[in-house]
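Written below as structure tokens is the structure these notes are about.
Which chain is which? They are A, B, C and D, in the order written, and residues in each are numbered from 1.
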Amino acid sequence: MLVRGDREYLVKPGEEFGTDLGVLEVPEDVDPGETLETHLGDEFRVRRLRGPDLFHHFERTGAPMVPRDVGLVLGETGVSTGDRVLDAGTGTGVLSAFVARAGATVVTYERNADFAEVARENMALAGVADRVEVRTGDVADDLESLVASEDPFDVLTLDTGDAPTVVERAPELLLEGGFVAVYSPFVEASREVVETAREVGLSDVRTRETIQREMDFDDRGSRPSTAPVGHTGYLTVARNE
Amino acid sequence: MLVRGDREYLVKPGEEFGTDLGVLEVPEDVDPGETLETHLGDEFRVRRLRGPDLFHHFERTGAPMVPRDVGLVLGETGVSTGDRVLDAGTGTGVLSAFVARAGATVVTYERNADFAEVARENMALAGVADRVEVRTGDVADDLESLVASEDPFDVLTLDTGDAPTVVERAPELLLEGGFVAVYSPFVEASREVVETAREVGLSDVRTRETIQREMDFDDRGSRPSTAPVGHTGYLTVARNE
Amino acid sequence: MLVRGDREYLVKPGEEFGTDLGVLEVPEDVDPGETLETHLGDEFRVRRLRGPDLFHHFERTGAPMVPRDVGLVLGETGVSTGDRVLDAGTGTGVLSAFVARAGATVVTYERNADFAEVARENMALAGVADRVEVRTGDVADDLESLVASEDPFDVLTLDTGDAPTVVERAPELLLEGGFVAVYSPFVEASREVVETAREVGLSDVRTRETIQREMDFDDRGSRPSTAPVGHTGYLTVARNE
Amino acid sequence: MLVRGDREYLVKPGEEFGTDLGVLEVPEDVDPGETLETHLGDEFRVRRLRGPDLFHHFERTGAPMVPRDVGLVLGETGVSTGDRVLDAGTGTGVLSAFVARAGATVVTYERNADFAEVARENMALAGVADRVEVRTGDVADDLESLVASEDPFDVLTLDTGDAPTVVERAPELLLEGGFVAVYSPFVEASREVVETAREVGLSDVRTRETIQREMDFDDRGSRPSTAPVGHTGYLTVARNE
């Protein structure tokens, strides 16, 4: 739930929060489109939170995955309602929140206890606390129990140096037909993931680099921007089949 | 619901269908992971349909949007559970099905009546017939009634030459904070969309081109593939705020 | 001829010039590798000027063409010793100087008289004043006389809004087998050049956009830089045959 | 010197050669623009050879460097008249011939004796046999004598697995201010070159990947081609200073 004037805030229903324009109480049953007033009489409009807002309003514990890369993970793995997703490492939690907002339930691992706590707060702000379980710890330490005691997952999403260790167990962690998506800025790390994926027999193993150019349209003409978006990461996708 | 041997078929539960290996009856209550037998005794495994499968198994009425571009639309607009989405033109319906599988309800317009019928079939195969309404006709003809009689939408997704006409009404069609995403292969068409979006006061108007390179990892080393993915389209995104 | 300490200067042999480290007299017969002293006793090393130095040491009258794009023009047109090249507009003159340094003679047009004067100075600094004639004026006004009174050129290089007007006469201006290369930041301008080139019967008409990414190699691994080079221009090349 | 009808041939002046249209004698003093007749009376036009023609008419002993990459080497190193260039490995010899046509003299090493012989033939066809010395052998074996007995070079151009061994001696092989350019398709090989260049104290060490997209201009609009040029190689450039 998002509230804004010329400012934007991410607030949970039922919460009271203070701005420089006064204190605002957000009712439990607030609806998008409503207007709320602070105790000083300044108006804020209520708006539904949208995925890209997470990128701007989550408290950050590192550089969050950009909407473009989140989208590529969603498109290449087809995460959808009812899916069970295993994610590591959580970081700021933008990917987990997007995935949960698409109807999936997520188990996500974050090594750093403070970061994990921030991620839990972020999930609550995004309204998906009930669908994302943020576990403090290293997913690599839990692989045995994940394989032994939990149902297989539909999708694994990995943004961690441990990725090859997890990919090694992907055939056991994943349902038949499930996908693993690994995100890494580095060539060598991506290569190690690809080699591991091939060794354990995953299919359709592909690593892609994405380059985006923004277009400038002005009176002189149309052209790619002179200030393009830089490299974020390589996305490796493989399928369990 | 997907069934396969070394072949893959997209079949609805409760359906009977014939292959060269014999006739297969798919029970209404079939579960992923089960094994089914044809009347000749050949086994097929049951697998849940995943988003990227749509790309390969939908009957095509044109070049469907590739998973990458579907993902970029999802990432940049944050389509999620409970959203109402207005889409045009339907085409093969891959985008509509992805969006519905993420929990949204979709109204989509397709000019060609035969294509619309195929798209309806595709939605049934994808298990989202109840969440995607395929309307035969031109969205541009329905703008008045869409604005007048329906609740505003969370997201507009446009892959049609009519896009500027629809974008012109985006402030009325969209909730506050909602997104419009327009996909076009051409510079001129994208420019027209951008100019219209600016004229009607949409914010964060951006057109991006996406270039992807697959990486080759072999014994000689790592490098971008000599056979990259070509241009698909420009994606223009704008927000109603 | 280039002289430097931890500073770099572009100086002609026989010239005297002042730095904050004292006055330096450069002999007419100075050789690369020599060491010269200012009147205060500070040493400067003599170095041969190299093409990429032009980019840093020419006095600028606008953004000069970057070495990458100069190189693409050289590679696609094969400018070489003995060629006659017609260039417009001169601008800072980096392209003309590179072309002359590869052994060609150049006639180049610059509309702005002050810029033309700076370009002449730059040619002298680059040691190619005898091979580059900088004409003040608009090449479009001189097309009749260029066609009528001069021998045909091997290559035309155009970085001016007038490009289509010149391309229209390319079959008369160029030797059989000669190339025209047009540089423009904009889609529309490039398109107009392409259409003109097709109309007048040039062959192998192609427009290319070049994207470069610098690689970062550090202890964590190898990856494309997060700060890539932006768009400079489209290069259209066509051949007279 | 190039002769063609609707066919193209690369022939030396003074040579006699046979086509399916009859035998053609090319005079020693033939001029571009002349028309020659075979003994059967079919006409061929004489045209000056241009750099990009080398790419099509050289006998190949492997994939030659494309004009684009040749151009990038020329642009980034500023090879020009009077330069001395050390090249390895020769391969088909396109780069050596371009460099010589820009007025430089070239010493180039080719391990394979048969390939070296073809390269020598190619240099003769390109009219630069007097400026390119093709040595049969491995440049790495000659480094001592190159450093000890020859004047330093202006530019090193390397397209060989040995590149790091040569780069290690670049400070001795190059004049002050000289450039080394190394071309490799692979990330790992490029990285090794960069690390070596840094270790021996070269400056401005940069590796760049070049991506080119051709533009399609047709009645429907303007867009990047769906069939782009693939990866060729990374170009690493460093300077001796």
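Please note the rule applied: a contact is a pair of C-beta atoms (placed from the backbone, for glycine too) under 8 Å apart; a residue touches a chain by one contact, two chains touch by 3 or more.
Computed from a predicted structure; not experimentally measured.
A.B. asks: I'd like to know which chains remain joined to each other by touching when chain B is not counted.
C.D. replies: Once chain B drops out of the picture, we keep one piece.
A.B. asks: Work out which chains are contact partners of both chain B and chain C.
C.D. replies: Output, common partners of chain B and chain C: A, D.
A.B. asks: Among A-C, C-D or B-D, find the interface that matches A-B: by residue number, over half of the contact pairs should be common to both.
C.D. replies: C-D
A.B. asks: Is the C-beta contact count larger for C-D or for A-C?
C.D. replies: Taking the two pairs in turn, the one with more contacts turns out to be C-D.
A.B. asks: Between 0 and 180 degrees, and as a multiple of 5, what angle does the rotation take that fits chain A onto chain B by Cα atoms?
C.D. replies: It is a rotation of 180 degrees, to the nearest 5.
A.B. asks: Taking the mean of the C-alpha atoms as each chain's centre, how many Å separate chain C from chain D?
C.D. replies: 21
A.B. asks: Determine the centre-to-centre distance between chain A and chain C, using the mean Cα coordinates as centres, and give it in whole Å.
C.D. replies: 48
A.B. asks: Going by the contact rule already set, what residues in chain A reach two or more other chains?
C.D. replies: Counting only residues that touch two or more other chains, chain A contributes 187-188, 209, 211, 213, 222, 224, 234.
A.B. asks: Could you list, by residue number, the parts of chain C that touch chain A in their complex?
C.D. replies: Interface residues on chain C, with respect to chain A: 185-189, 209, 211, 213, 220-228, 230-232, 234.
A.B. asks: Within their complex, state which residues of chain B touch chain A.
C.D. replies: Going through chain B, the ones touching chain A are 2, 32-33, 45, 47-48, 50-54, 67-81, 98, 101-103, 154, 175-179, 187-188, 190-191, 194-195, 206-215, 217, 222, 224, 229, 234.
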